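Here come two complexes built around chain A, the first alongside chain B, the second alongside chain C.
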Partner chain A sequence: MSAVGFYWALYRTALKSVAEYRVDFAVGVVTAISMQLAALTFYWIVFTRAPALGGWSSGEVLFLFGLTAMILGFAEATLNGIWWLPWYILDGQLDRLLTYPVNSLGFVLLSRPELHSLGNFCAGAVSLGVGWSLLSPPTYALALVPLWVVSGAIIYTGILVVVGAVTFRVVGPWVSHLFAVHQLLNTSRYPISIYPRWLYLLVMYVLPFGAAVFVPADFLRGHGSLWRALVIPPLAAFGTALVAKLAWDNALRAYQSTGS
Partner chain B sequence: MRALAAPTFRQSLAGFVVLAQKTAQTKLTYRLATLITLLSSGFAYCVFLLVWREVYRHDPHAGPLSREQMMAYLVMAFLVNSALIMNVETRFLQRVRMGLVTGDLLRPLSFVFFQMAQATGDVLVNALFAVPIYAAGLVFAGSALFPASLLAAVLGALSLVLAFFIAFSVSYLLVQASFVLQSGYGIFFARAALHQVFSGLTAPLVMFPQSLRRVAEWLPFRCEIETPVRLWLGHAELGDAPRLLAEQAAWGVGLFVTGELVFRAVMRHHQVQGG
Partner chain C sequence: MDTAILAESLGKTYTRRKRADGFWAGLRAYFSFESETVAAVSDLSFRIERGESVGLIGENGAGKSTTVKMLTGILVPTHGRVETLGVVPARERRKLAQSMGVVFGQKPQILWDIPARESFRLLKVMYAVPDDVFRFTYHEAVERLELGDFLDTPVRLLSLGQRMRCDLAASLLHAPAVAFLDEPTIGLDVLVKERVREHLIEMRRRFGTTIVLTTHDLKDITATCERLLVLDRGRLLYDGSREGFEQRFAVGRTLVVALEHEADAPTRRALEAELSSEEVTFVWDTPHRLRVECARSASAPRVTASVLEHLRVADLSVQGAELDAIVTRLYRSGKAAAE
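So, the complex of A and B:
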């Protein structure tokens, strides 16, 4: 079996496993949608008080909301396993995994898809669709949406892996450091031009969520150029994935089993 | 066989205090995780602050509150929210899932007070972190963060105690849905979503669109954040204070009693999963 075939089989098995819990699935989807609605309520409050935010109209900000939610949903549906790393280490499951003839990072990431991701993804798609109908960007841009979403999901997961690598050194049943990354992703729901310079630089270049959300949305509203929207997101995703792989390998070298 | 005598009020109180202390000690063991959680939620909250700052930069008369009042409100709202973070749902679900609830029901301290004592321990630790948050808030919002008067400070503090009672009772009531769902995930996030929208965490209710405000006024969540902050900062008229406090007390008692009644009804039919 090829490597791609193996990971596909692993992912399908993991998906079947979580799909068994149907009530959890339904509750998860409703919950994810309600969290997105909560965020949109703040958007509603703000835009009843202001016609625009940092030069972005309400419709344009919907592009940011939509892309951010779709990226989150896609990452949760595919590469979500890093959230379980602390328990893999504590339970000794990682020790067993390290004896498998597979790439440990790929295995960990694909092993726990989260089905509530469907709620985030759909809420994002609806937000993007509403923004699209209000502003009518060029139709061909629709073909670029998958590229932006996949790039964003890789960036988000890559940063989670870099931060998650801390778990190898500070072992414990907590994911607050990963939650910090999740919170950072939410900065891309609003135009990053309204943030202080240091924060702008952070989310644009260091933890480049802005590259996958802000740059494409800027293009969709007719301000940014096509080549930037086409090149920057995958480039940022490639760079983040590379750093994540290095961080994982480096952390793994220092890993000492918990003896569970 | 003679039944054990029920504990006196004094014994129950002593048990409550010791349990709260022990919970605080346990939570302090995970202080790094608590600190990171606080920092990350503080960071996320900065997004709301920055959005409002931009709104007021564009239009200094964007709402009934001035820019300074709005910034002070937001900082205090974050502070109150951080102080009231409790692990009621997590602990409750653990007791149910592992079948430990059977043992809890035999304890001299009733289950609800057992949970409340632990929630008090959470809040005690949060209070430690609230001091540096307040100091950082002073840099951001300046003297507008100070209480409007000594009376406002007393009313704000009293309102905060009632807000804790409401926050605990809301969690205790909602988490009972886990007996039906067998999972706390949905409950935890549903409560978080409702809290984020209706508590006044991201904006005071006067900034809400009329329809949303009307809904928020019929729910208890605003009593957790908005009421203590308005009283502390003097955004509420002093004449309104008795009504606001009474409203909080009514919500607290109502939710607490409902939660306890639901729990007793559920326990009559609950089948322990066996651990």
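So, the complex of A and C:
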């Protein structure tokens, strides 16, 4: 049995754990969809006042919104375990995990999928679909959507991992540092041109969520090249994953565990 | 024999920020970067051969868990060298993990919401346990530890004792070459403890598993270990056979005698005179209760025979030769020496 086989088995088992809580799931889906609707309402208000936002039309902004929500939804449905890291460290579960013959980061990430993220994913898919029907980009681009979503999810999670590695030193049940990063991802729901230069550089190059959202959206609206949309997102994902792995390994060396 | 575990001048110091008592002092410490180092374990050297079963004991805070964490690769040692199954644990953690089983009596499971049966299945995949090995270990665990009744209950709904049994079973499913068991009998009742010990013995018999057992219940050790490592404030106090430990640290035994009739003065004197050659002290607690404290050199059978001959004895017991009593005394004297 290969490592892939194990992670697949782990993920299926973890999904089953989540399914234990049915009410939780229902409430989560409703919450996720309402939050996305609230954000969409905000767009709607903006676009009733102005035809474009920072040079992006309403349909074009829907690409941004849709991709961001799909990425978030996909990341939460698969690699969500990083949010649990502070608890894993506090109650010693990480110790146990470190005695397993598998990659500890992979195990942590896959151990806690969030099913309510389906709400985010669907809201995103619908928004992208609406934008698509308004602007009708080339049909073959549809095949690239999974690539962008997966790349984006890896970038999003990778940055959470880098920031989460801090948890190894500052032990406590806090996820505020992770939440700050989560909020940064949401900047990609709005046209990048409305941001100050430093924020633009930050989300394009330092925390490259932008690479998986703005670059594809630019291509979809007929500005950027296909080549860029094809290469840049996976490249940024690969880079982020690499940095995340280094940060994780480095943090483990400094790990002090808890008593007993 | 091959070496399973090797430790050479092993040490671990923790760094923590200096804290002071009081509100303002505490607040000040929050902004200062002054730190202090605390040695949890220092200068530990020992060697454990394959197939050995070793009890690791010591008071709370003696460094047992820290030691186990260094041997298993969870913590990186700050000093010295450690090798488990021929690899440096923290560096090749995953390779080592493949042939290692670990129980942390105090720590919860990650997959908390699924039944044990499914965890076991997942572990089988994770360790790539061959079918025939799994058939044996799974069956042995389910039968011996009586898991059958709650195999399909989500782990979070199990009692502490049931969870501990599942944990132990899980850690040995892949028939590891070495097993680290940190308080595996915590929270278990006497009968179940017995089952756990039997399971360990059986796994060891079948697979030659090397066992490192940390516990506060010394009966675990009497039942399963031939060798003892005793830690005291991070240092190795004793390393050797269990019998050797008992001989070296047992100061003596106490014969506790309950009398049917009160012994009169001449009878007492006669008994004391007869045993005057032995190193014994008589303590007449109550008219019906006598304690005879025998030094290590005294012959317990001879003392007992004389007592039975002179007195009408209702009941008789010997105390103090058990591991429990010796260790208690050792901890106490250690504390006294430190003060």
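By definition in this document, the second predicted complex is superposed on the first by the 259 of 260 C-alpha atoms of A that agree within 3 Å, B and C clash if a C-alpha of one lies under 4 Å from a C-alpha of the other, contacts with A are read in each partner's own complex, and residues count from 1 in each chain.
Simple rule for what comes next: a residue touches a chain if its C-beta (ideal position, glycine included) is under 8 Å from a C-beta of that chain, and two chains touch if they have at least 3 such contacts.
None of these values were measured; they are calculated from a predicted model.
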Quiz item: Touching A:Glu20 in the superposition: chain B (first), chain C (second), both, neither?
Solution: second
Practice problem: Pick one for A:Ala9: touches chain B only (first), chain C only (second), both, or neither. | Solution: second
Practice problem: Go through the superposed model and pick first if A:Leu235 touches only chain B, second if only chain C, both, or neither. | Solution: neither
Self-check item: Which of chain B and chain C A:Leu53 touches, first, second, both or neither
Solution: first
Exercise. State whether A:Leu98 touches chain B only (first), chain C only (second), both chains, or neither.
Key: second
Exercise. Considering only touches as defined above, state whether A:Trp174 meets chain B (first), chain C (second), both or neither.
Key: first
Quiz item: So which positions on chain A get touched by both chain B and chain C?
Solution: 21
Practice problem: Please name which positions on chain A make contact with chain B in the complex. | Solution: 21, 23-24, 27-28, 30-32, 34-35, 37-38, 41-42, 44-46, 48-50, 52-54, 170, 172, 174, 176-177, 179-180, 183-184, 186-187, 189-190, 194-196, 199
Quiz item: Within the complex, which stretch of chain A touches chain C?
Solution: 1, 5-6, 9-10, 13-14, 16-18, 20-21, 88, 91-93, 95-103, 107, 111, 253, 255-257, 259-260
Quiz item: Tell me, which parts of chain B touch chain A in their complex?
Solution: 30, 32-34, 36-37, 39-41, 43-44, 47-48, 50-55, 58-59, 62-63, 181-183, 185-186, 189-190, 192-194, 196-197, 202-203, 207-209, 212
Quiz item: Given the complex with chain A, which residues does chain C contribute to the contact?
Solution: 14, 65, 69, 72-76, 90, 93-95, 97-98, 100, 102, 104, 106-114, 118-119, 121-122, 125-128, 154
